[in-house]
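Paired with subunit B in one complex and with subunit C in the other, subunit A is shared by the two complexes that follow.
On to the complex of A and B.
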């Protein structure tokens, strides 16, 4: 029973991290129609920026996280505005651009920081006891920040004019443009918002897991898995699927070990893609 | 249906296809001219890249970008590795098996995944190569799991063991030539069909083209070619290991094809040779090549859509002046 609860805690905390990544990923697909292969790259940049601020500049960790978010959002904004924007309606071209960016980012980080893992640890340690289970403090803090970020994102998207404009563009770009929404301003903003979320996740999670130039690959695979499961472009679906993926991963690693859980999830996603491309909560597929 | 008397269509081979075959033939001479280990290594890697990139290129002819190449390479490579356990090493038999096993697997798989287009096809092939990677780890009895299969016996051609560096390279040249011939035959014979699908799939279907038939054929042949690439890779390393078929290597083959140029079969060939050479030239650390690929992909997508071959063709036309 204790093991069962412990796995649930791990699953939920993984789920919250995956949700942040998947929300950004699905936001970019839903609004811009772009599959962002560089998502793992922004996660890594977030991690390395936070590491550099703490390890090299000696800044306090919370400030480092904020700088990481700002840096990844700025990079995303610039990349969208100057490169992606030029080919925004060509699905394969935008996909290749983000892939190229990912290769450059992961290789650049490899050159600057070397192939080894960084010594980057979370500033808070120890754990809190809830009845029979122990929850590491760092996981609780990350969970809290992730849930707050998800709430903030929800407020932005559903309670502000910016969010309404972004959702309008995702629903029907032509009509939204006719109503005065300006993609030239809003697309870079949406991309920056999403990459900022990836940077936030990277800055929060890499001190707990690991920080090396290879950590972006599994992030991309997990983001894919989650957004397809939830339905490409669906925000609620992505959040729900993220927690499903997190919990399945946690339980399968506790009870079966190895990669059985991942295999089951990927096979499920393959079948879902083929037979129900709209995913769990997806809406109509956009013209892809 | 009356056939239009278009002269180019009646040509047996276009200049680029003839050049592609000629390049594959000329490769046989290189192992006879030199014993340089560097040349052997670069050429062998390039030849494997050529086959895999041709597999990617065939799918791109139908406007489908595939990340599944490593999965089919693994099927071909492991087929040979497992046959090696039973002392089956005949070159002809194994070449046929390395082509046919992935091709046969691609038949039912194609029926599933070819329903998807564009972004969704990209995602499903990405998922496929992840699944293959996980399957390799989950089936230790068959594939050796995370250890892979080591000590695969060398291939035998007419009773001779192809064991020396030169023989291994000559064999790789042979596989690359066969793959190039298959790719040229397929895309030449169905040139217009593929062009119609690439241009506008819905329109060509409404004009009576049975699109799924050609897409399925392309997918199956592309899978078979990837299997041959896997065979060549396993034969070079004499080991079949999951890391050789990591889903990340799909990016390399896509880079070879896009950077070389997707509009001609010369693209994947020139792209593979140029990028494999550049990888070696940039230093022994092959990992740094990824950044170079990234920059080149951005350049090709943003300013030189035809890649190396397309840009060269454009410059050639400009130099010859407006009469061309």
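On to the complex of A and C.
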């Protein structure tokens, strides 16, 4: 029973991390129609910026996280505005562009920081006991921040003019433009929001897991898997799927061993796609 | 003159949609473009709002040539737009659809618009949280119209607002257009169903094959407009 509860806590914690990543990924797809293969790259940049701030500049970790978010959001803004925006309606070109950016980022980091994992650890350690289970403090902190970020994203998207405009652009770009919404301002904002979330996750999670130039690959794969499961472009679906993925991964690892988790997940997604091609909460995709 | 269109040409590839169309819309009036399918009505509206680029001619709104004004800035100039086929934002709630028409105007103006539109259309209260994509055609038209009205535009472009609607909805929409006109909004509307539209219009243009065939007061165009209704 203890093991079961422990796995549930790990699963929820993982789910919150995946939700942040998947929400950003699906936000970009839903609004811009772009499959952002560079998403894992922004996660890595977030981790390396936080590491550099703490390890090289000696800044406190919370400030390093904020700088990592600002840096990845700014980079995302610039990338969308000056490169992606010019090819925004060409799906193949945007796919190649984001894939190219990912390769540049991962190889650039490899060149600058080398292939080895960085010595980067979370500044808080120890566990808190809840009845029969022990929960690492770092996991609780990351969970709290991730859930707060998800709530903040929800408030931006569903309680502000900006969020309404982004959702309107996702539904019908032409009509949204005719209501005065400017894609050239709003698309970079959406991209920056998503890449900032990826950077936040990277800054929070890499001190717990690992930080090396290859850590973006599994992040991209998990994000992709999650949004496919949730339904491409569906924010609610991405959040729901992220927690399913986290919990399935945690239980699979605990009861069947590490590598079985991925197998279970891919089997689950394949089965779902056979019976429900649009994913859990997805709809027919237009314009992409 | 609030809107002046002079010798407008629109082409889609090798196909001519508009050929030398000239239209005047005086401030405070309701002007009707009437004609059968393919007459060029929607192309005219789309050129005014900036969704298609004219290959020739001029569109002047309130003394400003719109040639270099992108679509999204035209809304800021005071042009509201309700497209053919309604095209509500299907995943947005009814309230969010309406508020999206008042994008960037600030909370006070948005609240004023929402309160007024809810008093005109009780549907906006009854279905406020429902995704607009789940509404019936008539209900969606009310939402699309409300969205176009939400910024209290100086010029309201309505592309086939009665298309496919039951008489009860046509009456509600007609009443709303009259209320908006009473607030000083100028209306340019297109319609195949000439009868209900002619009741609202003060002047009109009969279009065929991308050209204006007749223009004038409602009584001057009525016979040709009604003949086209059955084409």
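Some observations on this one:
One rule holds for everything that comes next: the second predicted complex is superposed on the first by the 281 of 288 C-alpha atoms of A that agree within 3 Å, B and C clash if a C-alpha of one lies under 4 Å from a C-alpha of the other, contacts with A are read in each partner's own complex, and residues count from 1 in each chain.
Keep this in mind: contacts are C-beta pairs under 8 Å (C-beta built on N, C-alpha and C of every residue); 3 or more make two chains touch, one makes a residue touch a chain.
Note that this is a predicted model, so its numbers are computed, not measured.
Contact with subunit B, but none with subunit C, is seen for A:101 once the two complexes are overlaid on the shared chain. By the touch criterion defined above, A:165 reaches subunit C but does not reach subunit B. In the superposition on chain A, A:92 makes contact with subunit B only, not with subunit C. Judged by the touch definition given at the top, the superposed model places A:257 against neither subunit B nor subunit C. Of the two partner chains, subunit C is the only one that A:181 touches; subunit B does not reach it. Legend: residue contacts after superposition of the two complexes on their common chain; A:131 is shown touching neither subunit B nor subunit C.
Taking subunit A as the reference, the larger set of touched residues comes from B, when subunit B and subunit C are compared. In the overlay built on the shared chain, the residue A:58 is in contact with neither subunit B nor subunit C.
Within the complex, the subunit B residues that touch subunit A are 63, 65, 112-113, 115-120, 122-124, 126-128, 130-131, 134-135, 137-138, 247-248, 251, 254-255, 258, 287-288, 290-291, 293-298, 301-302. Contact residues on subunit C toward subunit A in their complex (touch as defined above): 49-51, 70-76, 81, 83, 87, 89-92, 96, 99-101, 103-104, 147, 151. The residues of subunit A lying in touch with subunit B in their complex are 29, 33, 35, 83, 86-87, 91-93, 95-97, 99-108, 110-111, 115, 217, 221, 224-225, 228, 232, 258-260, 262-263, 266-267, 269-270, 273-274, 277, 285, 288.
Within the complex formed with subunit C, the residues of subunit A that make contact are 161, 164-165, 167-168, 170-172, 174-183, 283.
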